[in-house]
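The data blocks that follow each hold one structure.
First chain A sits with chain B, and in the next complex the same chain sits with chain C.
Take a look at the complex of A and B:
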């Protein structure tokens, strides 16, 4: 199991924060900040785990997740979804799309770290 | 001695009075003071045009010649009026609900708006009425001549023809002036009706005055008069029963069918309840009219030389007694009777001729294109005016040709018998749903031919039109075709004979052909409308239409009922359908209403033809056809009633559904808004929480990192605050609880302030202004307006994607409206985003967007509160916004 994380998120400050936390824990953090070609970024970076924002310019996180799940190479990859929309139906949509783990913003840094470790492990 | 000159002067004065009354009534009606104009009494008096010169002069002559027979002429209408509840009420109701313009229109409308039928009825009515008009002219000339003979001061006997011509010209003028003011026959002729009512009073008063004078002034009271009557031959009962019944029925039929009676009774009727008053008042009027007929006749026969014309007793008796004033009054009475009949008959006939003959021909000749491009209104009015002149001219010509020799009453009866031919089709149409167009045509044709052959042509006298041999031995020598002894029925009275055969064959043909023929769907629908007018006034032959025709319909309607009325009608219809503007969907309901509206101006058949020309001739939908073919009349009625109910329910359900939809939509919007707010709040909070945890938990963080993270936290806090401010402002603006703080100021100072607040003109955004145009004084809430300017400049700063971003601000005062344009040189906003940019949380440019997408929403709300607008100006090169605000700030808020 590698330690490459692909972070797909459009808010620069959040990218910086998550990158900082994960990098300190020893992860290789790749970032991508729009929805259009997210799936291309996945192929390019070949990550072990994906952290995905829901509201992205160009394409929503749910659509990207469906694309990932339909992909022959990355269909099984763990995806941690972060969303600023905390309603029940958002969670349901994420689960239908096949999310591995779902977290609502704002999150605590420790929780993100735990989640990433758990998804990547053992 | 009454001089002829005096008579002429009085006559002219009287005519002037009639003009004045008609004019005043028209003025009052247009000023809206019509309540007194349209009382049941006026309605009843207007019905008295039934009593023409024929009854005024002729009744006495009638009585002098054939005793009490004249009473039949009054008895018939009295029976009809007393029985108003069964027939007249229905006719008036139908006339109003279908906007019927004439008897031809009524019959044509009932039988599927058939124009053929309308033309036929019109021709018959013209033929039947022309002698009658001639009769009126004759009575006036005769009475003038009577005066002239009596006038010893002059030996000049006025030329018969020129008197008639003068009267004809005067009547034509009056009728055109007051009868064709409005195109819509349903807009009533107040002036005409008022003048007629006045004339009704004059003629009644005149006849009563002469009667009273004869009884008490010339014959020593009632008993002496009665003695004279006993002595005269009037007392002998000489009327055969068949003639008595026949004439009564004939008069009743004519009362219903005469075009002029239909005009005053149905078309000019203002209120159905007036019939209730007329049902007793009209018989009372008629009774008064006939009260002194026998005494005058008896005294006249007794006192005047046997060669004297009994038709003129009303005039000659006062003259004999030297009562000039009374004689002149009596003349005016006769004059009134004659003129009112001609006026109303001319109006009624001209409506029929122009609607059913001239307009269809014109429409056909112009191929239907003219109703969109031409001026139908003026053509229709001109047609009507020409028709009036034409009708009067026909009467005059008939008068000239016939020589005016026949006794007055005889022509009257011929006319009556002619129009009575409408009766089967009319009554059948009102009460029998099985009546068809073919039946009506057949009946009318049969009745018309027999009337023509047996009564009308022989009425000119032997060998004038029909050779004596035909009268004696029948047409082509067939003795059973003798005009006055059809099928060998010899020995009958001429009129009764003709009426019996014509009505019998008319009715028989009508019923048999109706039974044999199958009604077209539109006839069925119209039949149900007429027969069941009291039950429902709904579904009629329906239209199916596309959308594009609405505009054509509007253009056409403007030509017919005038631009203002047409636009009001269309926009009201559009509002009913829940659409703004002037063009409603051409739904069947709308088209029916429109057709009905138009038919008030040009008649049902023409209106139908016009609408169908535009709607592509779709007269009846397939569903209608199926429904009509499959169901019996009774089932249809029943389902009609059910339909009305279920329509009601469907409407309620639709309203509920709409309300529910609106609520759902609101709820969806609310959810979306909350979700957006949640997102916009959570995003900065995420950064704040993450970095504050990093600062708290991470040891050995470099000082620069510490400073950097702290400033991120700070920026995000500011962003959060700004967002909350914006949300609050928007919420206040939207709830309408804004207090505007109006101040005076100049536009240029405000723009300075806005530019300064956004960081001034810099490399990042070059701002161009033309200060010379900015010297505009404002009185509004300056702070809020400045907020709008700030938001617009900020947007340009944020989103303008040009290499060297520039923003030009230009202002102008456009007729009291301040217009400020903000145009940048970026790539602008894509077409499909332009209408959403003013919505909350809409951010169309991606990536850099640091705002929450509330700026323009706030601008829009502020402008709405200030009474102005903000719009996106497409096609300006870059993103362009236009702020407009009325300079006289009206307080839009509160």
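Take a look at the complex of A and C:
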């Protein structure tokens, strides 16, 4: 597996912080910050793993996840979802949409690194 | 309607509870069945030794019959027992309990009512938290900023030999974010402070409106001007009010008062009072006299001072059967929470809009007088193909036989199924907790 991560998130300082820690861990980090053309960004950057925020301008994370899962080239990709609400209903929606892993804000840097490494496999 | 006038009703209730026939009781106490029948229908006064004998045969304390218990208190107790699903409550001695321990009984019903109110508050609070878009958005904002700060702070703390350029950048980010966090938290606090959240006002808008109308005795002298509609007067009235707190309650009250003002313009107070003095309170007659529709007259009669039209109650519902206004009436119990009885003329009128009903009815299982009910439903918007039925049904409640000479025997209707003793009822929704006793 390659080492490109696509981070789809609209909060600039979260983008900067996560990009920094992932880059230090040896990942190639690409970022994208709105929902409208997220799927186009996926094709363009051809990532090995996607970190996806639920609340994005233009389109919700769940919708984007469904599009990704329906895509012939990226249907199997690992997706780590970020949300500000840890309610059971949100988790269920994410699981139905086919999320690989799910994280609730506020998370720690160690949480993110741990999750990304686990998704990348051994 | 308390006091000895309904001792007969209480004898009838106790006899039925004991599963005894009229003739048997009459024989035991040494009077004719027809005389007992007159007593039971409150046509003959009863006192002294006969009362003692009847109480003895029925095995109840004489005071239960002679004083009785406040009917609403008994209804309240039945409601409390019904809502609690409590087994082992001695329902057959509910009147005795209310009669012997009125203070405790009142405490119990008050506690129950408070309980129901609190449950409703919890529901509306939960609703607010789950469905309030502003709250959800504010929380999301705060959590996002907290995440950014946490992440940035831990980079600054944990990264050994962080380049000066990165360090400066993260310091700047953390500074920005902390400002945003402060603003977000502040606006959240402001929102929670300002929102209708203090205990006293987490009532339904309908409850607020009921309290408001009740505080004014359902009568508004300032809207009785002869020159008809004047929006300002309604606004002035509402501006002075302290009971209506939520925006929906204000809107409902506004609509009711505007309608009140329009009705007062069509049926002015003084001529109405004179007409009542001449021909009594017959709503259909009065409606014809003033050339107005019956619903207008029912609303008008319900909102008169009681010295002008006697005591009146009013129920209004829409086509779904949902009660949208309720002016309480002593001898007719209504529970918004427990649901109503389909046998009420209010609901019959819904099935035949614009056909008025005038019936003597009496609520089963309650030691109360019959009441006169005048009901009619009217369309309140123009008909369209396949549209929802836009109907309002009105039921005016008045003392028995008022204004209209009715030969009809009072018809038994229920209060709500849980506490209704009517055995053979096709309209029943759920079993009654009082039926075991029969």
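Operating definition for what follows: the second predicted complex is superposed on the first by the 122 of 122 C-alpha atoms of A that agree within 3 Å, B and C clash if a C-alpha of one lies under 4 Å from a C-alpha of the other, contacts with A are read in each partner's own complex, and residues count from 1 in each chain.
Heads up, the rule we're going with is that a residue touches a chain if its C-beta (ideal position, glycine included) is under 8 Å from a C-beta of that chain, and two chains touch if they have at least 3 such contacts.
The shown structure was predicted, so the numbers you read here are calculated from the model rather than taken from an experiment.
Of the two partner chains, neither chain B nor chain C is touched by A:120. In the overlay built on the shared chain, the residue A:108 is in contact with chain B and with chain C. In the superposition on chain A, A:34 makes contact with chain B only, while chain C stays out of contact range.
Of the two partner chains placed by the overlay, only chain B lies in contact with A:58; chain C stays clear of it. Within chain A, the residues touching chain B in one complex and chain C in the other are 11, 13-14, 16-18, 20-21, 24, 55, 84-85, 105-110. Looking at the complex, you find that chain C touches chain A at residues 136, 139-140, 143-148, 150-152, 154-155, 158-159, 166, 169-170, 173, 176-177.
Of all residues in chain A, only 11, 13-14, 16-18, 20-21, 24, 55, 84-85, 105-110, 112 touch chain C in the complex they form. On chain A, the positions that touch chain B within their shared complex are 10-11, 13-14, 16-18, 20-21, 24, 33-34, 55, 57-58, 84-87, 90, 104-110.
On chain B, the positions that touch chain A within their shared complex are 675, 678-680, 682-683, 685-691, 693-694, 697-698, 712, 716, 846-847.
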